[in-house]
């Protein structure tokens, strides 16, 4: 956890106590490659915010612990945080988010995470979950729109997805979307076996389907392997990576050559996209003496997800309300747009009592010479 | 047809690497009766050792491999000396647990030094591909098959020809009796662990090159179980057959059926084979006579 | 005859072994599992070129003594906590067991302990582990000559042999190491009478022809004392009686308890033993 | 005499067959009881939740130890069997609408049946071959619940929300009393599991399991039907595990495949090995140890963080390393587990000041 | 003769003495190319101690394994006769079971109990537990009742304890009751193994080298135990043993195997004189001339000693049952 150092001058009437927040992070588990920078981004944001006046003068006191992507451990940590009277929790993966969604509703603790599954946006289903970025389904819709446009219609799409509810989350919605918006696309999905050393089997099935586009809903390493296999087989296929593989890790792991030309759907603008909202990050990094080049997309994600939560807290306090879970939830639902300086999609995140979908717009990038080059800033379905 | 050849080549390549990974496992089992749950982490450590020598220290390829071999040997011997030796003669289940602890430890050590981010490593196997009967077979897979074949043959010969083979089996059968024959149980154990570490290193280098140098390499270790059970826990030729069978079964499942099933099909095959042959294809039957 | 009183044996340690002693144990104390005291200050000496028999009832600690000599105790949670074991004047109390074999001692363990999954031939080859390759083939023939049955079975898997066949194999295997000191733990266990006779004949021959020193534990005390030069009798972890074999044979207690003979030296029928005997103890 | 070591003379078989005989044993029992009764009054909610987790783990570990420790059939399928218990109880109670206790009972029976089915290879397979075959059952069950073909388990959600436990009109309350109320339920069940487990192994049935473990040929030769004994062991063990699974579902109120991975199987195996194979008390010690160890490591790490800030980034990895290291060192120190340490301590005290 | 009155009979057969109990009918057993048994036939009579002798590897243990169902001979049959106990306590209807078609545990249930050449005890369990396991076939095993303990399960344990305690008494195992068998001396383990078989209340007791590895004194004890079992409980015994003195002294009938074939079958004296047996097995070993002479003297002496010991033993041993 980060310990609250000196106290900032509190101008809040109620309290100048630090605000306890619980962070459930994957640092050493299966998704540690992205979980670690995500967590670092959050902690960096908190540090920066605390150093710059805090949340209405109050510091954020984050207790951050690794759960190694093991759900029982996440539940244990959550109970620990509840016991520490946190006002909100930042989670991470699909597993822990699902496992805790009911508990956070019972305990009335707003919960954000790196899991952008569609059902979480429905306050009826998950009243305390907030999805900061466009959902996987929205990303899938954007991807399909882009493919339809890029191909001029009539293309076949193969969806390669992690073999789990996380991977399958956008699959059915994608199919429905093609129907709904009358896109002229063929569509077939394939589960990616975990721990595979090649995806030639899937590619050959995609090939027989006639697919020119492969949408991947998985993390970076397996996606990179698909890119390598496409290159080795000289296949004419374009990968469209969603969120968790739509990042520089994908490019680095595949190698610039194999990654060249593939498309990355990424709601959070990487540092290289130089959005207005990157300004504070650059300031902070300069202070810390860190090279912005080393900062990945997941780090930025962490920063801005924490930012959204902090803004909600600030609003609650500024409205003169006690900072509790229900009040924070109400603030997030009613405060209007939260500006992210163009980092998340087109920039604004807004929740309502009817929907906890923060945004539907996402950036689209292409791997060019080992870099993420922005094709479109705020694509929406 | 070309597609089939393609799948075959990939399946064989994965299978050969599996066989290499399983070889170390079988050596340890054969000599010490220990089921090594840390085999996957041995691959991981192997891949990172080589990465360190090759990329971080920038050594030439051959030298980097040699350094890797030395370090792997050292690690194998250390593991044996510090962790397994005190456990000699204990209940096999307790020893299994120790190797589970070891796997947690090794993985954590890699994380401490290298983090969880995948490391980029320049290609070491040739990148191009050759056309075989209309199929595009990448060279790196062919080389992987070749390397695995050479290493496996070398090991098989070593055990056939040298009396260490018999000594190893003797130790596995009855440690006390082996001691009374002047066979140094410690030395045999150390040798088994060192050789296992070396074969894991080679498998780890190959894996790192064809996929990526990252934590996922460790999960490859789990597949070793169906491989060795299929071939027979204590059979070196069995690892080769088991590795190839599992590699191909996975490949064809992914290529012609439901790719997601590729993760469970090996286990289903394993159960089926065990029902017919309770000691795997080449495994030694446990002798029970009264 | 020298009868060693119980306390004296654990008292003063014989400082240096006399000339020509191949093996000597001085006041050895062995504890299993940190709590089970099995040898309580045991001292014995095996002169070079002699056959020494170690007798004693079940659980007296005979096998433990041999394990202490050959260094097998650590693998059984046992430990020599006191005293020393000298082999050719060299202290080997803590030496690695494999090293001891190289020094020339060889143990044929109680309960056969053949390598079950190895064939008969491979078992014998494993026995010659410490020997240069050349010796192996030669010795193999010697063993086969002595146990023709083994030659017939050379490619059979040892684990499936009958009890007695395994015993032959175990003895043969011990010989393959070309020991100067051969230790046999109940070699006649489970062997047919004819073979027992032959084995003891063979031991004697090895001793006479090659000067092999032998330390043998044997329940068949009559046979053992026939071939041995010297005998020790153990009770509860101590030597309670020792002396030249011929003298021991005449000792009335030995006669009764180990040879199954009455005072007069006659054997009685098992059918006529009407009552369980309460074992007479020297302690 | 069974108890000569403690110098007790029994006057009847009934008294000898009792689990406790000496004053100090009764004293310990009383102490335990008092401890169990005061726990909810001294611990805060978080630590109470840890204790509740331990209670569930105790039930599961007792079950696993029956199979592995007592019958000698190594199983890596624990996670899968927990899942069977959890999913079936959740579905039976929430979707089918059975009263929860009945749903749990059915889940227990169902898990026993499934466990017996996956125990069938055990009739032919020995030792480590069986262990790996049970690994296959783990992988297959895990795959089925992860894949969730056609949403037959989770209706497409990928996870199941389980309603708050209600037994005959009594419903577990909110945050303040949730852990306490669960404690009473779980503690009683855990104690019952321990007692029934102990009982099993002082009767002929339990002894026949141990006979199969120690020497299966001799067991057959005295009339033990190996097939029946092994399958019964699988069934009984799985029943305990199914109970633990069902309780997991109702206690944590949500289940998904990620809770029943191979890691869970291994964790349970660790519990019984570290606790002591073939000992019910060992299963309890192991469940406690393996649940508390990460807690303590984390506490230690948190306090180290402030004093050694430069380690902050490495702490999670160090925690994992420490976890592995402690298990290794522990087993090197005492391969036969905590139960054995406890016995040695008792012996030491009994014989003190004599060494032997 | 022991005079102690036993509550339970250890004998599980109700056949009248002198009737054929076990018929081995032309069995042959092969392991690959190894012919372990070739066309063996003989009959064990109720009430006899029937010794099987022969050189190492002759097939003695294999024969025993065939009887107890662990090996399945390729040819031939083994039949066991049993008699139901009539209402008046006299033997009733007899039945014949073909052992060669039954699994081992069913054979055990017919009352065929055995010991093994290399002690096969349940090494993790105590002596008492090992012996109680001998009662396995006579007990009911309900999962629920076992787990609940109260009532039936406990009563059953206690009921069977009585017989087990008698066996403990008979074999003088009192001091070892609670010890794990793994830590016991070899001779005691052998005795426990005998005890475990006895607890079965066997119709036929198969003993594979029960005296191997014992010294003369212990052999005498063991022989006495076997004779006691035989004399007190009239249990029929098949005995494999290499010590000819024991075999000749205590057996009623001897079968001799060599290379898997039956080379002789008769009374001890007949067999001893058989030249084929002498050549294959016994060797020309002359009996100690002095042996028989000493017998009479020994007896008196032992009688005395025993009386004294008994007195002493009564003082120290507090049985519980």
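Should a chain be cited, it is by its letter among A, B, C, D and E, assigned in written order, with residues numbered from 1 in that chain.
Here, a contact is a pair of C-beta atoms (placed from the backbone, for glycine too) under 8 Å apart; a residue touches a chain by one contact, two chains touch by 3 or more.
Treat the numbers as computed from the prediction; the structure is a model and nothing was measured.
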item	value
Farthest chain relative to chain E (centres taken as mean CA coordinates)	A
Identifier of the chain whose CA centre is least distant from the whole-structure CA centre	D
Most heavily contacting chain pair (counted by C-beta pairs in contact)	C-E
Per Cα centroids, the chain farthest from chain D	C
Chain A-chain B separation of Cα centroids, rounded to whole Å	36
Distance from chain E to chain C - Cα centre to Cα centre, in angstrom	30
Between chain C and chain A, distance of the C-alpha-averaged centres to the nearest whole Å	75
Multi-chain contact residues (two or more partners), chain B	107-108, 111, 222, 260, 263, 290
Per-residue overlap in chain E, given as positions that touch at least 2 other chains	61, 70, 116-118, 120
Residues within chain D bordering two or more other chains	147, 217-218, 316-317, 319-320
List of chain E residues in touch with chain D within their complex	68-70, 103-105, 108-109, 113-114, 116, 120-126, 128-129, 132-137, 139, 141-143, 145-149, 153-154, 156-158, 160-161, 174-175, 177-178, 196-197, 200, 318, 320-321
Residues on chain B engaged by chain D in the complex (per definition of touch)	35, 37, 83, 86-87, 90-98, 100-109, 111-112, 222, 225-226, 228-229, 233, 260, 263-264, 267-268, 270-271, 274-275, 278-280, 283, 286, 288, 290
Complex contact set, residues of chain E against chain B	61, 65, 70, 116-118, 120
In the complex, chain A residues that touch chain D	1, 3, 27-28, 65-66, 68, 70-73, 75-76, 79-80, 82-84, 94-95, 98-103, 106-107, 119, 163-166, 168-169, 191
Chain E residues within the chain C interface of the complex	1, 31, 34, 54-62, 117-118, 172, 183-188, 209, 212-221, 223-224, 227, 242-246, 249-250, 281-283, 285, 288, 290-295, 297-299, 301-303, 305-306, 309, 312-313
